[in-house]
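Scrolling down, you'll hit the structures one after another.
Okay, so chain A shows up in both of these, paired with chain B first and chain C after.
Right, the complex of A and B next:
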């Protein structure tokens, strides 16, 4: 991979569903090796943007490049190099985590069963229990293991904390943090949770009405967190951006 | 060394909170000279914070003269690190204590009653220490 090339480049991206404009001329770029949190309320267009990145939806207009490639035209190549954790675990409910990893392995040349088993062990993911009997937290962690076992360059996490109780929330957050690879792996995490964003983001982009309304770079975030509660400042910022937008 | 999650709502920045956790652990004798601090990744996972924030706290501890990094093998407490940690935390906590006392006096607490409270807290803390030791 060309290290200077952004793993995600969106120029003037539009996505319409019928007459409804979900993303409208969106410009967005992810810097290599950083954790970017995409903050937005429900319905802001976060999941649609992720689907475009995965190549499961085609943009209505504009240009999107994932790892330098068109994610629709080069879907299989792009998907091999990215890891994805959906908001709702989508493995078949009769599968165990081990079955799920076996299912994924042939699709990802770099998939290491050894890595998946070791990581499951360290994150306390049961390997022999079917998904239907796993807690939501365990299932999300199993999805995370499956998403990183092929050592992806880009990791996409779509609302991974949705539906988790507070203990499971922290457990999943801990698992996600332990899978960051600062400087190497680029992470895009979508959430509406201001506290999570404050804890883990190198950069924050705020999405509202299908556009990026505000971006906060690492030094800006550092300055803000030194001057008081970052979640409170983000809340204020989001409210203002929405009014202006 | 015990690590607990940082508070993102605090007025103290996340990296300062991490530094304080290390300085407190050293001041309390939970880690000593020559000990290796947790890896950046495990510290970040326990504190529920971005690893870059831990890396920043570690850099600042090194600048303070508390620790040193050894060619990728980890971050170690320097011989003078414990004393430096105590000095820094004593200065910081004394300043915070002074501010709190002034605030308490300004809203009507009497000096002697605050004094009594301090004596009581101090006696309790000594009793706890003796219990732990025995």
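Right, the complex of A and C next:
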């Protein structure tokens, strides 16, 4: 793959909070048009990496390029071209999904209200109910719709399944799968849910101690899926990688 | 994008805003109900608008604290920070929302006040007067945006909406502390119109930058405290121009700059020997109100000068006894301000004699000043009693040597020395009645003449009241009988000009029909009239005493009088040995004046429209600027 075309290029990225090293000389790259799952335990640095990609945090060292641009220096441009779903829906609780889309629209030139309404219909997102009255799954789906309604080139999903009950979990997972299959979109999904990873990932990267300790390419994943239960193998791989790391 | 954020602010805070409007409406109505008595009219009405605006401002600022703090407390700042360009727009929306709610609250409050006024009074509330809006209301309108932006900043740091306003007040207190200090020590200082615009603008912009930076960069800075630490130095740095302006005004207020166009010379005393002049001066046009006079010791030989460090807000810092020595030159010059230090300067060297600053010293200084006044007073009454001025009060030594302060009402104004006696200005010019005071008898003299036609000369035992125009001959005031008497030694058209040390009078008398005036010496005892060997005054010239004082004299005791002519006001020296009138500087502005004779041929004058001291030569156009050089 042409390196310059990668929507996310991280070279030697470091992030320290005081003396605590969250990311240490991380090298990472996202291939275009694939769903990459970033696996890692709590505190592994997944959310920090996402925040660096959004430009809301500044890396301590190294070079990060999102869609070829520095996400801090060119924050506005980068943010207009990416979509983001946080782990906890954080829209204003008095807003309905329609209000939320109305609020987002001026921020993203490519935002399509029509597309947002259509997606909401297909994902069964209530448009007239305030967020405070939506279930966690409905709220997450509304956030997902808001994140993709401007057709972003890169979609960042920060543990969207955290805290979801099993039913909502499957509901959101289906929504994501249907969405990413709808277009040639590059997706970075962070999770510690191996089941989710095995179902949606084209590629898996394992993050631990601030570094990528293992990467599984699509052909490798395919091979392992054929040979047995992928989640179990991933659990084994993770344990092994962490020990090595 | 901005509008969507404004809409968001409205939806986010609409209940608070509605509650605020309700509070303002009810509160304004209550203010009118409780304090607004329609019978009191204008005064009550003038106070209503500021009270209502204050209520609207305070409620708006309390709301403003929640605009940012609420956002931060609910964690929505992270949401805004990941949306493109959302944080600056959100900040702008908050500022506009704050201003709008303030404007609407003020309108609601004034409307409510108007309605309640109509219900309790007669007619409408006349709030739209210049008195209403140029007083307290104007200050509230200026202060509101400043406090508002600092409240936004403080709410980023404290993150508790209710504490944001007190926090802003504390920070603003720190910012305004230098100005409070200036006013504390110089209560008469007043800002210029430029300052009233520039200082609020600078402090407002500093607050706006602080609020913007704290809000937009708040997450990067970390918590509220870290945000404050990161932003406050910058905000305070931005306040430096305002402090600088305040410092500049303070310097302008407390120092004199002789080179500046605004430099103005007040009283001047010439030290003994003519080497030093002691000058009250200030730069007045830099201020709305006039700054205090500073007292300078000026070396007339080289133009060097120093500020003695003593000022007096009311002027007249030079406290040398008012009974001038005949040659108008001073051996000791006492200067001082009310409650401040007293300083004695050597009239020959210009150096400090003693500086009295403690209360005990000042007490001692008062005694020293009184002693100086007594010693240098030239007025001794029959029976050996002396009179002098001390700190604006006339004092007379009693028979037993005790000092008796003279009760000084109703004249209530300083007396002016005049030769062997006093010349007093009328106490109440508007009454049209001259009021003079007989120091011997402690009584008022009231000739029935318009004061502006009169001049008064005082001898040891008689007043001579001379009418300047008309056919009346000068009359004498007999203090024993308390009546006016004809003066047998004066003729009908005599105009008494001066009383010489011998007691003889210098009188101007018309010569023929040409309008010329001849100077004659008249002895009041023998009525002998001797023509003085002076040239006659032309019809356009008038020689007179300087207003409120005796004639100046040269070291040889030739009198120097004011000479009015068609060309303006000048001075004339009666050169007795030469028998001529030596004229000096016929063209002088209203601020220019004679100070004293330096020697027989030259005099110290204030010239250049009150901006400079110069040495002028009699009977010559030669003028040498001595200060500032």
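The rule we apply is simple: the second predicted complex is superposed on the first by the 238 of 245 C-alpha atoms of A that agree within 3 Å, B and C clash if a C-alpha of one lies under 4 Å from a C-alpha of the other, contacts with A are read in each partner's own complex, and residues count from 1 in each chain.
Keep in mind that, in the parts below, a contact is a pair of C-beta atoms (placed from the backbone, for glycine too) under 8 Å apart; a residue touches a chain by one contact, two chains touch by 3 or more.
All figures in this text were calculated on a predicted structure; none of them were measured in a lab.
Of the two partner chains, neither chain B nor chain C is touched by A:41. In the overlay built on the shared chain, the residue A:201 is in contact with chain B alone; chain C does not reach it.
When the shared chain is aligned, no partner comes close enough to touch A:16: not chain B, not chain C. Applying the stated contact rule after C-alpha superposition, one finds that A:74 touches neither chain B nor chain C. Shared-chain residue A:91: touches chain C; no touch with chain B.
Common to the chain B and chain C contact sets on chain A is no residue at all.
Those residues of chain A that touch chain C in the complex are listed here as 54, 56-58, 75-77, 79-80, 84, 90-92, 94-95, 99, 102-108.
Within the complex formed with chain A, the chain B residues making contact are 5-6, 8-11, 13-16, 41-42, 44-46, 48-52, 55-56.
Within the complex formed with chain A, the chain C residues making contact are 1, 3-4, 8, 11-12, 75-76, 78-79, 81-86, 219-220. Those residues of chain A that touch chain B in the complex are listed here as 35, 170, 173-175, 177-178, 180, 182, 195, 198-202, 218, 222, 225-226, 228-232.
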